[in-house]
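Labels A, B, C and D are assigned to the chains in the order they are written; within every chain, residues are numbered from 1.
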Amino acid sequence: MNLSFHLQVINLLAALLLLISFAMLSQRRVVGLVTLFAWQGAALAASTALVAWSTGQHHLYWSAALTLALKVVAMPWFFYRLVRKLDINREVEAVLNIPTTMLIGIALVIFAFNLALPISQMAGTVTRSTLGIAMACVLLAFLMMITRRKAITQVIGFLAMENGLFFAATSASYGMPLVVEMGVALDVLVGVFVLGIFFFQIRETFDSLDLKHMERLKER
Amino acid sequence: MEIYWVLGIPLAGGLFLAAWGNRARAPELNALFSLATLAAAAALTMRIVAEGPIMVGDGWFFIDSFNVFLVALTAFVAFTTALFSRPYMRIEKDHGRLNDARLRLYHSSYQIFIGAMLLALTTNNMGILWVSMEAATLATVLLVSLYRTPASLEAAWKYFILCGVGIAQALFGTILLYFAAEKILGSGGTALLWTHLNGVKEQLEPTVLQLAFVFLLVGYGTKVGLAPLHNWLPDAHAEGPTPVSAVLSGLLLNVALYAVMRSKVLVDGALGNDMAGNLMMGFGLLSVVLAAFLIKRQTDVKRMFAYSSIEHMGLITFAFGMGGPVASFAGLLHMTMHSLTKSAIFFAVGHATQKAGTQAMDSIRGLIRTNPTIGWGLMLGTVAILGVPPFGVFASEFLMITTAMHEHPWATPFLLTALGVAFAAIFGKVQPMVFGETELPRLPHQPALAPVFVHLGLVLMLGLFIPPYLADWYRQAAALLGG
Amino acid sequence: MLDATPLDWAWGIVLYWLLLAGAGLACRRHARLVTGLLFPLGALGALAMAAVGLAGLALPAGHFVLPIGLPDLPFHLRLDALSGVFLALLGAAAFGVTVYGAGYFRSMEAGPLALLALWYHLFLAGMALVLLADDAYAFMVAWELMALSSYFLVTTDHKVPVIRKAGFLYLLIAHVGAVALLLCFGVLQGGHGAYTFDYMRSAALTPFWASAAFLLALFGFGAKAGLVPLHVWLPEAHPAAPSPVSALMSGVMLKTAVYGLLRVTFDLLNVQLAWWGSLAIALGLLTALYGVVFAAVQSDMKRLLAWSSIENVGIILAGFGLTVIFYADGKGGLAALTLTALLYHAVNHAFFKGLLFVGTGSVLHSTGVRHMGALGGLIRFMPWTAWLTLVGVLAIAGLPPLNGFVSEWLLLQAFLLTPGLSHQYLNMIIPVAAAAVALAAALAAYVMVKFYGVVFLGQPRAENLRHAHDAGWPERLGMAWLAAGCVLLGLFPSVVIGWLAPVTRLLLSQTLVNDGNWLMLAPVSAERASYAPVVFFLVVVAITLVVFFGVKRVYHGRTRRAAPWDCGFPEQDARMQDSAEGFGQPIRQIFSVFMRVERETPDPFDAQPRYRGDSRDKVWLLAYQPIADLVAWLSAQAGRLQHGSIQWYLIYSFATLIFLLVFTR
Amino acid sequence: MTAGLILQTFQTVLAILLAPLLMGWVNQCRAWLQGRAAPPLTQPYRVIRKLFHKDAVLAHDAGPLFRFAPYILFACMALAAGIVPTIANDLPFSPAADVIALVGLFALARVFLALAAMDIGTAFGTLGARREMLISFLAEPALLMVFFTASLISHSTELPVIVETLAHKEFVIYPSMAFAAVAFWMVSTAENARIPIDNPTTHLELTMIHEAMILEYSARHLALIEWAVALKLFVYSALGIALFVPWGIAPAGDLAALPLAILALLAKMLAGGAGLAVLETLSAKMRLFRAPEFLGTAFMLAVLGMLTHFLLEA
């Protein structure tokens, strides 16, 4: 019966992830976003570890650790510094107003669940029911990238999407082969590094990270 | 063993050049590394010619007729581009658009980029394929923004975000693929090996693979530049340094398409219908038509040829979507021809823009007066890319269009329109650039145009005569791609 | 060497031309070498090619496979009677033109001249390959090689914006036509790369697909032949090219389109439908009338000739349509007659149009003027050019005993024979068609009188014309060759028709019976119709001489010179002669429906009165302009998708993803 | 064959000699109808003879083309006279040129005359040439269509065969020939520069067509041209006769019918000339730009004739 208890905890964490995604959709301040992102990473790491422990998939510990290291510690720290350095902790005005975004988000969640339903039927994992949530997280992150006008928020959205993917991997098939996980993690790390460079470049060129300065290249 | 050389040299080169910095001879070293890579690739190719498909490193690397010619092509174009970039970048530096630090960045990430693409081509693991595709993107993001102009930064940013999001979809597709695979192949590394997957593709779960393919197509398709996912492409090509544009549109698009094709093979096997083919045909046609009409309104020469890349990628995708030995053969041939021709064009364009000091086509005039070699290079390259025989691009278009008329007549009006519009647009813009009078002085330095004419010579040769072994590769690859 | 078949010779000559092209590129420094050596050598090749063509007419078809091309599809070559006659045409016309060119290009500077030699010989080789190709790929490669090289020839003088525009338009329409041909071959091919013509001959198509193939071929080849409404490039491109090139394009290149149409319709397609013929006749006659009317209102001599080429193509196409009708109706003999007529006309046109173009070339060369309003009286300053051109003028005006008349005669005979047809409505239509042909022929005479009269006769309209120098010897030689062709083809039609017999046998498995003998032409039967040009010619000459010497003998031959009659108005000057516009004015008035006229008339007190009458092609305004606008509008719409905001781009990706997910459920 | 040759030469010479007579006769009739004192019947001969005796005056720039045109013109008309069956029906020459060639022959003469007119480069020469060509480009196809109607009936474009069919086969009424006849009359007025298209006796340069072309000619050249013009009128009349009232022309190889044929010819010519004179007197010369409409009508009538042939006689 304790398996089912783990399961409940995992489902809880999954729900938490979804919740956090929605929170990110509605969050207006950059620092708040970063915090939420850190929490999401934490939830992800926790659930991964839990799955690893409950199913004896040891390589999942590795990925849990990676997640913890990267997405809970390194990146939030990095982002905090960035926000302080570039002091961009202002209101992030959204393209759409929050309620509309929320409505769309709910629609997406429903869609994602329907999409995941047939697949999770045939999944052999204990955590199959959470696949839909993972997909929902991915789509919500996508939506967030669309609705935010600041470069940094887009990046956070991007990383949130990554989280969703990891979660999907864990819940659908107890994670990817370790090599791949490593590679992905490496890519994410490099990516964030590159982004850091970018922010400074953008900052010094446009003295703002607002994307509305970056709409010059178009068909006129 | 050659495979390790092929992958190792560029990586080593990247690290070394990063360390070496832009001291004297850095460009030469860059070219040298590329040459070494080319040599290794040649050796590998020889081996494949001799022994047929091989699996190296207990299944981690797999080289068959499909990717070996892409490896050879990539190494070759990488080398010629390195040759071209040597004088080009020096002039950029003289014009004060670049400094040592950026050149160091350029040289090292150039090698890394090449290495990543070669890895993507040779790996047997769909996951590693994804990883190296992402790595290739990351390596080029900073190259696109090399000039640090607002425009280039914006382009790089769009490139990064759009491709990043796209590639994330591809990762989801890969996860689904793994999810479907591990039930048959068991969990662990081998479940993502393409060869294993290919072996059991009939047993893979159709619904999952269908879903997976959608994500993979949207993901890698973004990097291929299929409309409407193409929006990053013209910006990145237009704002990056010309050598980067050349390798981006000449090589990276091919590699992305290669990834799509590898997945398509599996999906076709699993689904047993031509859903994937139809999707690709749809994307292909849309890209061809949209690109053709967008070319019409370009004023920036590099941007225009970027759109022409979208058009040709669309053609290739359409051909692969049609399937069948002839169409797939045509698609592979067109991949080769397009990367050779398009990179040649970018070389010529690069020198032309350097001379005119702008990329605006209205202010580039009478190249044939100021520098006949550039002028003729651009003219012949344009004629070639527009599919005029005896250049090889025509050979593939011939096969595609006739097959399309035979298999899918409904598509031909779109093709006819698109090709007509694209021809009118591109040629109508290039002709005044090449011909006519100008008051610009002759180019101070002697451009390195050997690559241009080497490429065009190859394209011409392949239009009239395709070596038997090359033809055999194409045939085997076409059979592999569901011929 | 001795046992080499005509085909071996043919592709040998093609190779030889390619080598000459390379050589042309090689001697970028030595202009004399190009004109003094390369062009004469090329001319020799052309002469040999003519011989090869004639041999190919006589001998059975030969096959050959070149080891180049696509992997599964090496170049198949074939030389049969049809290719033979067109190769002969190509060789014969190209010989004259190339000899002419050897003199004409002497004044060019070395660099452009070398390029010109390159493209010129590539052009010749391309046209020959088109005629030899026996599979779709080889055909298309040759076809586009021909188009491309001729494009570079047209834009030889690319500093002039108009010429660039002309070249662009030409290449564009040529390319669209080529794609249509690709689609046509796509219909004909058997899938899995069965692209050889042999396969296509054996394949059986349903009438629907056969019609599709025919229409595509008609479009593709029509675009090259200058079929209305695809003709717009022709009056721009032909005048833009250097005159020998215009001569080749008008004289030979247009015929390759006719060749292709015949090849596809009668050789590759295994079914012919009567309505194809009706369509072809309708289009052909429209083209003929349209062309000749516009020729009549031109004031630039090369444009005038270009339009007249459109007219002749139209007549040839009408003949083609009639052939299809007869053949589809099972009247092999009559089909043979029409086919002979149209082939004959193709050959004739090659000769006289080539002659006229090089004639204008000499005028252009020595005066630098193309506008007829600034020419005149040249017969006194450049007699060789003028008199040789006169032959071409009389020939193209369809006057006996020259060659233009023979083919028109044959064609009209064919029209007269239609009552045999089973379709009643065709019986009704054909006479009207015949009337239209007759009208076009008569108008051609009008056009030619205008052309010759304004350019060569009367008073020079500008002073510098008095110093115009006559053509040099190579030019004279080339023109004389072409003129001789016009005369001989006119005098000995029976012989020529004998030569053409294998073609009709090949395509229609039927030959034209000539009931006459070597000097009398009598198709079908001497009872029906006969024409003996030699007798005709001799009688006219005899009577002329008899009367001439008779008059001299019986009366004194005294002659005084005096000023011409000025009807009491002393200030007669050259500007009072009819200008080109003036000569065109009645036609412009009668056929004003075809064209939009723009004219500037001077006010009475103008010191330097200038008159400009310009007749714009309505097809351009009604068909092409709207298309251009539509494309521009569409591309503007497409451009709005691409408006820079990354959010929108993300939405595109997102929407695509969602759409596909929903779509594939 | 020899008989044929004799006939051929005889007929040709006869035509050449009789041609001015017809011209004279027409002028006489016109004079009578207009109530003038008529010139003698032989007036044209006198004019020609007078002209031959004069010294030729050439413009300074007149070239060989200008000088040779009259001879070519004359030769063409003579050949035409040899081809058209006037009195006899088997003519060795006629296979050399059928009706289409005949039209070509007229065109040849016309083009040479027009070119000659433009050679000197006076305002009126070019004006005449242009008008002449303008009229002919409608008249020529109309004439061709008239011939086509006839040859559709007789399944041949050989004049002798046509005449044979129309005259010596069993008598049939061909409605199509009625149309053809009207068209032929309209065309021949234009081709022979008669009223209502042109006025042979005008002296106002601006209204001239034919006369404007030959304005520069004098003496022997002019004489030849006048003669050729007369000959042309004769040939056209002969054509009209051959096509529409062919009875009386001697069939092949029957010399006995010859005298009768000559009489018939003379009778028909008298009637025809008179008729032409009457028509000319009744109608007035029309403005130049009405001429295309007039000839267009002729053209349409001829085509209509062919169509009626298909409707009623096929």
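Rule of thumb we're sticking to: a contact is a pair of C-beta atoms (placed from the backbone, for glycine too) under 8 Å apart; a residue touches a chain by one contact, two chains touch by 3 or more.
Protein names from UniProt, one per chain: A, D = Formate hydrogenlyase; B = Hydrogenase 4 subunit F; C = Hydrogenase 4 subunit B.
This structure is a prediction, so every number in the text was calculated from the model and none was measured.
Trainee: My parser should flag the chain pair with the most contacts; which pair should that be?
Mentor: Of all chain pairs, the one joined by the most C-beta contacts is C-D.
Trainee: Could you work out how far the Cα centre of chain A (Formate hydrogenlyase) sits from that of chain B (Hydrogenase 4 subunit F), in whole Å?
Mentor: Centre-to-centre distance between chain A (Formate hydrogenlyase) and chain B (Hydrogenase 4 subunit F): 31 Å.
Trainee: Roughly how far is chain A (Formate hydrogenlyase) from chain C (Hydrogenase 4 subunit B), going centre to centre by Cα mean, in whole Å?
Mentor: Centre-to-centre distance between chain A (Formate hydrogenlyase) and chain C (Hydrogenase 4 subunit B): 70 Å.
Trainee: What is the distance in Å between the mean C-alpha positions of chain B (Hydrogenase 4 subunit F) and chain D (Formate hydrogenlyase)?
Mentor: 78
Trainee: Averaged over CA atoms, how far is the centre of chain B (Hydrogenase 4 subunit F) from the centre of chain C (Hydrogenase 4 subunit B)? Could you give it in whole Å?
Mentor: Result: the chain centres lie 44 Å from each other.
Trainee: Could you pull out the residues of chain C (Hydrogenase 4 subunit B) that touch at least 2 other chains?
Mentor: As it turns out, chain C (Hydrogenase 4 subunit B) has residues touching two or more other chains at 638-639, 641-642, 646, 650, 657, 661.
Trainee: Multi-chain contacts only, two chains or more: what residues does chain B (Hydrogenase 4 subunit F) have there?
Mentor: 157-158, 161, 165, 211, 234, 294, 297
Trainee: What chain-chain pairs meet the touch criterion?
Mentor: After working through each pair, the chains in contact turn out to be A-B, A-C, B-C, C-D.
Trainee: Please output the residues of chain B (Hydrogenase 4 subunit F) touching chain C (Hydrogenase 4 subunit B) within their complex, sorted ascending.
Mentor: Going through chain B (Hydrogenase 4 subunit F), the ones touching chain C (Hydrogenase 4 subunit B) are 157-158, 161-162, 165-166, 169, 210-211, 214-215, 217-218, 222, 228-229, 231-232, 234, 275, 279, 290, 293-294, 296-297, 325-326, 368, 383, 386, 388-390, 394-395, 397-399, 401-407, 412, 415-416, 419-421, 423-424, 427-428, 431-432, 435-437, 463-466, 468, 471, 474-475.
Trainee: Which residues of chain C (Hydrogenase 4 subunit B) touch chain B (Hydrogenase 4 subunit F) once you look at their complex with the stated criterion?
Mentor: Contact set of chain C (Hydrogenase 4 subunit B) toward chain B (Hydrogenase 4 subunit F): 67-71, 136-137, 140-141, 144-145, 147-148, 155, 158-159, 161, 164, 167-168, 171-172, 175-176, 179-180, 182-183, 185-187, 189, 191-193, 195, 631-632, 634-639, 641-642, 646, 649-650, 652-653, 656-657, 660-661, 664.
Trainee: Where on chain A (Formate hydrogenlyase) does chain C (Hydrogenase 4 subunit B) make contact in their complex?
Mentor: Chain A (Formate hydrogenlyase) residues touching chain C (Hydrogenase 4 subunit B): 95, 111, 115, 142-143, 145-147, 149, 154, 211, 214-220.
Trainee: List the residues on chain C (Hydrogenase 4 subunit B) that touch chain A (Formate hydrogenlyase) in their complex, please.
Mentor: Answer in residue numbers: 638-647, 650-651, 654, 657-658, 661.
Trainee: Can you name the residues of chain A (Formate hydrogenlyase) that touch chain B (Hydrogenase 4 subunit F) in the complex?
Mentor: Against chain B (Hydrogenase 4 subunit F), the touching part of chain A (Formate hydrogenlyase) is residues 57, 115, 118-119, 122-124, 135, 138, 142, 145, 151, 154, 158, 161-162, 165, 168-169, 172-174, 176-180, 183-184, 186-187, 190-191, 194-195, 197-198, 201-202, 205-206, 213-217, 219.
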